[in-house]
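Dropping the structures in below, format is structure tokens.
Both complexes shown next keep chain A, but they swap its partner, so chain B is in the first and chain C is in the second.
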Partner chain A sequence: MSHHLFLLSPSDTPLYSLTHHSTKPVPSVTSPLASNLPTWSTSAFAGTLTALSGASSATQHTSGGAVRVGGGQDRHVIQMIANAGLDVIEDVMRRENTMYLKSVDKFNEWTVSAFITPGNMKFVLLHEAKNDEGIRQFFMEVWEVYVKTMLNPFQTAHTAIRSSVFDNRVRASARKYL
Partner chain B sequence: MATSNKQYKAIGEELWKGRSEKINAELFALTYGALVVQLIQDYEDYEEVNKQLEKMGYNIGTRLIEDFLAKSNLGRCADFREVGEVVAKVGFKSFLNISPTVTHGAAQPPTSPSRPTSNASITQAASAGATFTLTLDENPLAEFVELPDEALEGGLWFSNVLCGVLRGALEMVQLQVQAEFISDVLRGDDSTEIRVKLVKYLEEEVPVGDD
Partner chain C sequence: MAYAQPHPRLSVVSNSSQSSVDHLSPTTTSTRFSLPSVPSTHTAVSTKPGLNRPNIYDRNLNKTRGSEVSGAAFAFLFSEVVQYTQKRVSGINDLERQLNTLGYRIGTRVLELMVWRAEGSSKAPKREIKLLSVLMMIHTQVWRAVWGKAADAIERSVENPDEYMIIDNDPPIERHISVPRDMSQLSCSSFTAGIVEAVLDGLAFPARVTAHNTPNAQFPNRTTILIKLEPSVMEREELLK
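For the complex of A and B:
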């Protein structure tokens, strides 16, 4: 079971993305490659842009992103789902005041959950199974790590997050909660 | 040395506690960080940014030393070694509330035996070329900072203002020094170290203006 996390700035530029393969046993679709080496792909701008521009070639430029067959597993489909969810997220954002918006959208087997920080950063998580409490805790931890990263003077709200400290913490969090 | 290390530590502590106006550490770190980032954007050359930080530090140091001497009431140091001790234990402590460790280096010709600090004149001929190294185990200026790759490659010393402060302050007490960073944890080294090297004692009046 895999999860895809995207952090988007207030102007909807992707600042960070992560694909996490959970090792928790969940009855769900298994793709042949999923249970092998966990492929951590942390593409920033490049991967997202090539995907969004409609490049549907199977070969991806994203570092290490495993290209798998099967519905909804391709990288650019993931991107599309995430983007489609943005509209819904903004709708819900206006109505509700909470930070953790549970699952805002569903697409085939993917559910989109979102978390809006007070600074209007959107954390979007695509996942297959239901895991509200775990995801909420995950989001809270990612938020904490994000705030600490933001204190770095070289990091603005619109630059991609390349810090390896941030990366490691988010992965550890993902392992813990997802 | 007439005043022992313990006394320096105690003096430093007292001065820090006695300060009525302190600044929030986060605010300080964020302000300094914003300053460095702005300098980088303006100059676009990391060597130049280093120089500018040092210059700014120099201007701060020339003023800071007055405050320091007024509050601490310390007399002249007997030798350069003592300068290092005072800088580390009293100076850094009273302004930044950190206690860097001092390592003295470079062969010094035997200086005169310790005398009472007040009225002692610094031994003139000896110890030009003496150095001491300050090892900072914590750096309040770089609290949340991670350097991006360009800064690492460009050779940025993030806290270079401290070197300028040391140079400016010591120049006001007739010591011409060179202060530079040797290593920095922001760059991936094990520790943050500043080496201060004595160039010469300034005999005549300090020249007005450095530019």
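For the complex of A and C:
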């Protein structure tokens, strides 16, 4: 199960991105279609069928490196989904006064969650499983390190974040909560 | 003593003071200085060997929450800022615009840090999305975070519905500034205007913010920060009604 994080500046320039592969077990029931499928553990088509239904439980079959059918696992597809989510995010952030906007958009197996800082910085996270509380805590930690980054006088809202310490901190938070 | 030589990051001022001390008393060692700031720098460095560059990510953001900056030090720094800027501009408008730009850089950070301190431990952190609450937040919270006191008044312009005014009767930034007569148009509170502009911009209320001297008999330093919201903001406010 993987997560994709993007930090976007107020002018939607990507400042930082992270792909995190979680080691946590995937919850077995994520799609209503998948839960209705019988467990064809012996069938040769089992892997393909579960993958087509959009269920994350297909990972047990694809862990050997097989390409998932219908899944947007390509880098450019991921970026497209994240950018498409921005429209929804900008719409929602006018109405909602919370910084954490959970599950604003969905595309195939990907759910888009976002966090808007007061300075209009957007953290966009693509995830597969529902994990509201974990994602909220993850965003809070990313926000804290982001504020620390921003306090650096050499950092502006439009310069990419290249600090290795920042990277390590975000990775550590991702391991902890995602 | 770990550092026989003065630390390379000491400013020129303290280096020269050290050499003058050396000159006066030949027995002076590096531990004896007339300026208190110099030994304190040494102890700070020597307690953490190999950590000359503190990592900004290890600092607690709430550590300096209640601490105050010396007014004299700030007045000195700001006077240098104004003089530095004045040498590099042509005319008062340009000077005010430059001060505004400098304030803007402060404002983006003030906004992010101030809200983090208020909402960082909250379960569901909130952003302000209503114009009036944003203006009230600037009037009280931003002013308190930056100047240690709330602004004195906030008004809406009678003629232009897109203009708001924040009034400070005695802005700390101007307490030690006396503007020459031939530059009477200048308001050094343009710096504050820049901070306000950054806060509004960050919260998606783009505006043009300027500072104007509006003295009265009681308060000779009274300053008005004029906020002129962009048409897009007014259109959005109309739609939300």
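Note that in this section the second predicted complex is superposed on the first by the 134 of 178 C-alpha atoms of A that agree within 3 Å, B and C clash if a C-alpha of one lies under 4 Å from a C-alpha of the other, contacts with A are read in each partner's own complex, and residues count from 1 in each chain.
As a working rule, a contact is a pair of C-beta atoms (placed from the backbone, for glycine too) under 8 Å apart; a residue touches a chain by one contact, two chains touch by 3 or more.
Keep in mind it's a predicted model, so treat the numbers as computed, not measured.
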Which of chain B and chain C A:N83 touches, first, second, both or neither: neither
When both partners are placed on the shared chain, which of chain B and chain C touches more of chain A: C
Touched partner set for A:R162, first chain B, second chain C, both or neither: first
Partner chain in contact with A:G119 - chain B first, chain C second, else both or neither: second
Which of chain B and chain C A:E144 touches, first, second, both or neither: second
Which superposed partner A:T13 touches (first chain B, second chain C, both, neither): neither
First, second, both or neither for A:N97, with chain B first and chain C second: second
First, second, both or neither for A:F154, with chain B first and chain C second: first
Chain B and chain C footprints on chain A, overlapping residues: 148-149, 151-153, 163, 165
In the complex with chain B, residue positions of chain A that touch it: 148-149, 151-155, 162-163, 165
Contact set on chain A toward chain C in their complex: 10, 93-100, 116-120, 136, 140, 143-153, 156-157, 163, 165-166, 169
Of all residues in chain C, those that touch chain A in their complex: 55-57, 59, 61, 105, 108-109, 111-113, 115-116, 119-120, 123-129, 201-204, 236
For the chain B and chain A complex, residues of the former touching the latter: 26, 29-30, 33-34, 36-37, 143-149, 151
